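There are structures below to look over.
Across the two complexes that follow, subunit A remains constant while its partner is subunit B and subsequently subunit C.
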Partner chain A sequence: MSSAAGPAQNRPPPFLPNWPARIAWIALAAYAFYAASILDVTWERFVLGLENGAKFIGRMLPPDTEAEKMTLMIRGLYESLEIAILSSTLGILLSLPVGLLAARNLMPPWVTWPTRLFIALCRAFHQVIVAIIFVKAVGFGALAGILALTVASIGFIAKLFADAIEEISLKQVEAIRATGAPFMNVIAYGVMPQVLTRFVGFATYQVDSNLRNSTMVGIVGAGGIGGTMFAAFQKFDYDFLLTILLAIIAMIMVSEALQNRIKRLYQ
Partner chain B sequence: MSAASGIEREWRRYTPAERLARFALYFGIVAACVVSLRTVQVIPEFLYDAPEQVADLLKRMWPIEWSYYPKGVHDALIETLHIATLGTILAIVMAIPLGFLAAHNITPYTSVNYLAKLMLVSSRSVNSLVWALLFVAIFGPGALAGTMAIAFRSIGFVGKLFGEALEEARPGPVEALKAAGAPWPSILVKGYWPQVEPAFWGIALFRWDISVRESAVLGLVGAGGIGMAIDTAMNLFRWERVALMLVAIFTVVVLAEIVVTYIRKKII
Partner chain C sequence: MSETTRPADSSAAAPAPALEIRGLRKEYRRGVPVLRDISITFANRGITAVIGPSGTGKSTLIRCINRLVEPTAGKILFHGLDLARLHGKALREARRRIGMVFQEYNLVERLTVMENVLSGRLGYVAPLKAWLRRYPQRDIEAAFELLDAVGLTEYANQRADALSGGQRQRVGIARAVMQQPELLLADEPTSSLDPKTSVEIMELMVALAESRHIPVILNIHNVPLARRFATHIIGMSDGSIVYDGSPEGLSDDHLKQIYGGENWLE
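Showing the complex of A and B:
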């Protein structure tokens, strides 16, 4: 009894205050206030914004469904879809060799380093910035969007594919090599069966991402619905803007439902 | 006879319906590619002089106008970083309650879970550039619109992953606290939080990294940061300045990735 009560008195509290963590939280809060003051994020502007927001929503409703604008919108959506399909195909096809070249367990360093640098360069910039460069290079239109999203696809799929290849078991690769198989057969029968399912996973994710971004690259003139949307925004044509936004969301939801069906097919 | 046919039966991995569905899928993919390739509008004249245009672009970009950095890039770059960081902090503040509401082991009401998840999905399904357009219309051009765009786009991302981390928390420590008669704020802080803390910091850092990349382009629609500087320089055809800004963005993105990797190793 007394032995249980004795240590209980000078037992340390169960939850010790963690001063470094508290100081870090306070510093974070202080930064938030400092940044808010620098960016001119004030309560008055916020309240004023709410009034503007109400006006804005009032002008958006009801969505504009004039026949002429609908054909414009459908043409834009169709072009976005084309950009998404072609950039995904091109990106997936190019990612296969690029990913293989970047795998450090299959290739010598003088191949993997330049390839990895190339992939990092593809990943570094946002798709819209890449699209700006391609608009300058190949002119306004869908081709610039296709090329920009292809670059983004390589940056994403090839990187993850290379990482996946580096995690494979080398036993199977050695077994194929021991039979005297040429290099391409080693790839086809030793490497690909181990990573193909993951490659398909990355590729489908990127298809989804490309579809979303194909509706955006038009803002800088690279084709698709984005151009129509940005024009509607600049002309204060907010009811048409709402129609386009709803159409984009509907397109993305349909594609997600389709993807779920396809995934079930492969389970 | 029937036994013999049973032995000779050909083994197939998929049923005819499955094979038909797969064939339809492959056919659909190929058909979609062919149709898009045939109907996409590519102006060949533009394509032929693409090498010239690229050469011209590189020539205009060189030499990079380094001296412009202190005058027109530094402040915009810092503003971009502030937009990304403040937007992410705002998003986390709003996403944590939504994550709690979306986790069914903390909020045992299915309708509330679905409502929270619906809000998270709608936040994610709108691109950050579209959020920026909407907030520019509401708050006017400037960094406030960019911050709100980053915040609203990030809520869905942070909230979804945080909610999923909460649902994976073990009930043991929570039950121990409940048995000791702890009030619910203590249960959240001492029962759930220590379990999800590593996941939380991982999510927050990952999102900050993405936000830095995204905030660089928000200026193209007028939402502040270095994107606005790029837009101006492009409209004036000052490509040597655009090149400087691209280099600046590249440096910041790489630095952000290094910082995130370093902190992640330290914390997790």
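Showing the complex of A and C:
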């Protein structure tokens, strides 16, 4: 201990500071302060907003449950559900091959590169923008919504699925290849068992996401409850709007419970 | 090379060899050979142990045989077939005839023991049938017989990730033998196991291979284990063969030449 003074001076520091990361965090904090300062948020505007909000909520209550409007709402909800389920099914089925083709540890670059470009294109635009394009292409109605959300599903599931495949243990794949198995058997035994639970996770998350988005694409005429909701907004029909919102919340909660069941099946 | 020993018995074993390697070279980086033009003949019976220090190319040698690693140059003659030149379907058909046991077992963790053993038949079963688990009845019976032989019958429906190391390697051996191979490769099959389990695994592998007349080529860096189980020993050092002979003929001088230094002996 007493002779430790000599060698101790030659030791490197135990932890090295990461200056680039520190500078980046400081820059981020500085920009956040600057951006907030030019937003012109004043107390008066906040108080006025509170009053408007209270008026809005007052006009929402009690929720409108008139029979004619209820049939309108149920028809809209049913169409939304149809859009969500069909687009999820199509999206999940298409994501399997697309994700496999995008995995850089299984496929050569000339396959993964164009596939990854295709996935990036699917992800590039928000679902509502894609829905507008499909409304122009196939006309108003649920078909446009189904196609728009299918594209969104591929963009999400195929990308995460490809990333999951790139993280698998290649030892298991190697063992199956060593048996002389054809490529499809290598996929079925060496790859799929390693990524199936994660794929199911991504897929159920996307079903949930599609369910929420299916209530929105109607705003641009792509079918579902969104159209009815937007009309209620336009007509200041706020009490009917509340009924629709409550119904959507109920639908999302039921789907959440179902998803948990499905995930448990595939542990 | 002058010290390479060729015992009389290997040249006297006239029947066709299991494997003949001619001038095998492997470079992972250009100009840096891991295997330096190796030539060996493996007899069509018995256990051949390849010994040598870590990083000397033992694993590369074994993996070149079933082409998990691509050889840079040379021939690997397997019953008249040059494995080094095969592609696509012909390569897959050759791989079916060669079983492999891995250091880290390489089982499919999320599949059951039975599914892992049956995966030895994946070269023969069509994808849709394999996916639906529609294996021929005789494959299923053979799998149960093998599970009996390795003592894991009651684990058939357990997932592979629930097993211990020794149990996993038993499944790995069963999977390889399930191929009904004409040659069994084993890449450091006991290096991840404790000493007692290592001996048990070696006993099991040797017994299964001998009862089915399958010649075995295995990498091992445990010299006593190699001496105890092998019928033939190949010593490698720095990508070349420095000993090729019987376990009895392997002297301390040979070991010094293979592993370098001598302080570790004793």
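Just so it is clear, the second predicted complex is superposed on the first by the 218 of 267 C-alpha atoms of A that agree within 3 Å, B and C clash if a C-alpha of one lies under 4 Å from a C-alpha of the other, contacts with A are read in each partner's own complex, and residues count from 1 in each chain.
Criterion: contacts are C-beta pairs under 8 Å (C-beta built on N, C-alpha and C of every residue); 3 or more make two chains touch, one makes a residue touch a chain.
Since we're looking at a predicted model, the values are computed, not measured.
Chemist: Could you figure out whether subunit B or subunit C reaches more residues of subunit A?
Modeler: Result: the larger residue contact count on subunit A belongs to B.
Chemist: Quick check on the superposed pair: does A:L94 touch subunit B, subunit C, both, or neither? Answer first, second, both or neither.
Modeler: Neither: A:L94 stays clear of subunit B and subunit C.
Chemist: Of the partners subunit B and subunit C, which touch A:M70 in the superposed model: first, second, both, neither?
Modeler: In the superposition, A:M70 touches no partner, neither subunit B nor subunit C.
Chemist: So in the superposed three-chain picture, is A:A188 touching just subunit B, just subunit C, both, or none of them (first/second/both/neither)?
Modeler: second
Chemist: Have a look at where A:M107 lands relative to subunit B and subunit C in the superposition and call it first, second, both or neither.
Modeler: neither
Chemist: Tell me the contact category for A:A231 with respect to subunit B and subunit C: first, second, both or neither.
Modeler: Touch partners of A:A231: none, neither subunit B nor subunit C.
Chemist: Figure out whether A:I38 sits in contact with subunit B (first) or subunit C (second), or with both, or with neither.
Modeler: So A:I38 only meets subunit B here.
Chemist: Check the residue A:I176 against both partner chains and state whether it touches subunit B (first), subunit C (second), both, or neither.
Modeler: A:I176: touches subunit C, not subunit B.
Chemist: Would you mind writing out the residues of subunit C in touch with subunit A in their complex?
Modeler: 66, 68, 91-100, 102, 104, 106-111, 115, 119-123, 125, 127, 130-131, 172, 175, 179
Chemist: Would you pull the subunit A residues touching subunit B in the complex into a rising list?
Modeler: Those in contact with subunit B are residues 15, 28, 31-32, 35-36, 38-41, 45-46, 49, 52-53, 56, 79, 81-83, 85-86, 89, 124-126, 128-129, 132-133, 136-139, 141-143, 146, 212-213, 215-216, 219-220, 223, 229-230, 233, 238, 241, 245, 248-249, 252-253, 262, 265.
Chemist: Touching residues of subunit B toward subunit A in the complex: what are they?
Modeler: 18, 21-22, 25, 32-33, 36-37, 39-43, 46-47, 50, 53-54, 57, 79, 82-83, 85-86, 89-90, 125-127, 129-130, 133-134, 137-140, 142-144, 147, 190, 213-214, 216-217, 220-221, 224, 230, 234, 246, 249-250, 253-254
Chemist: Under the touch definition given earlier, write down the residues of subunit A that touch subunit C in their complex.
Modeler: Touch list, subunit A to subunit C: 169, 171-172, 174-182, 184-186, 188-190, 193-194, 196-197.
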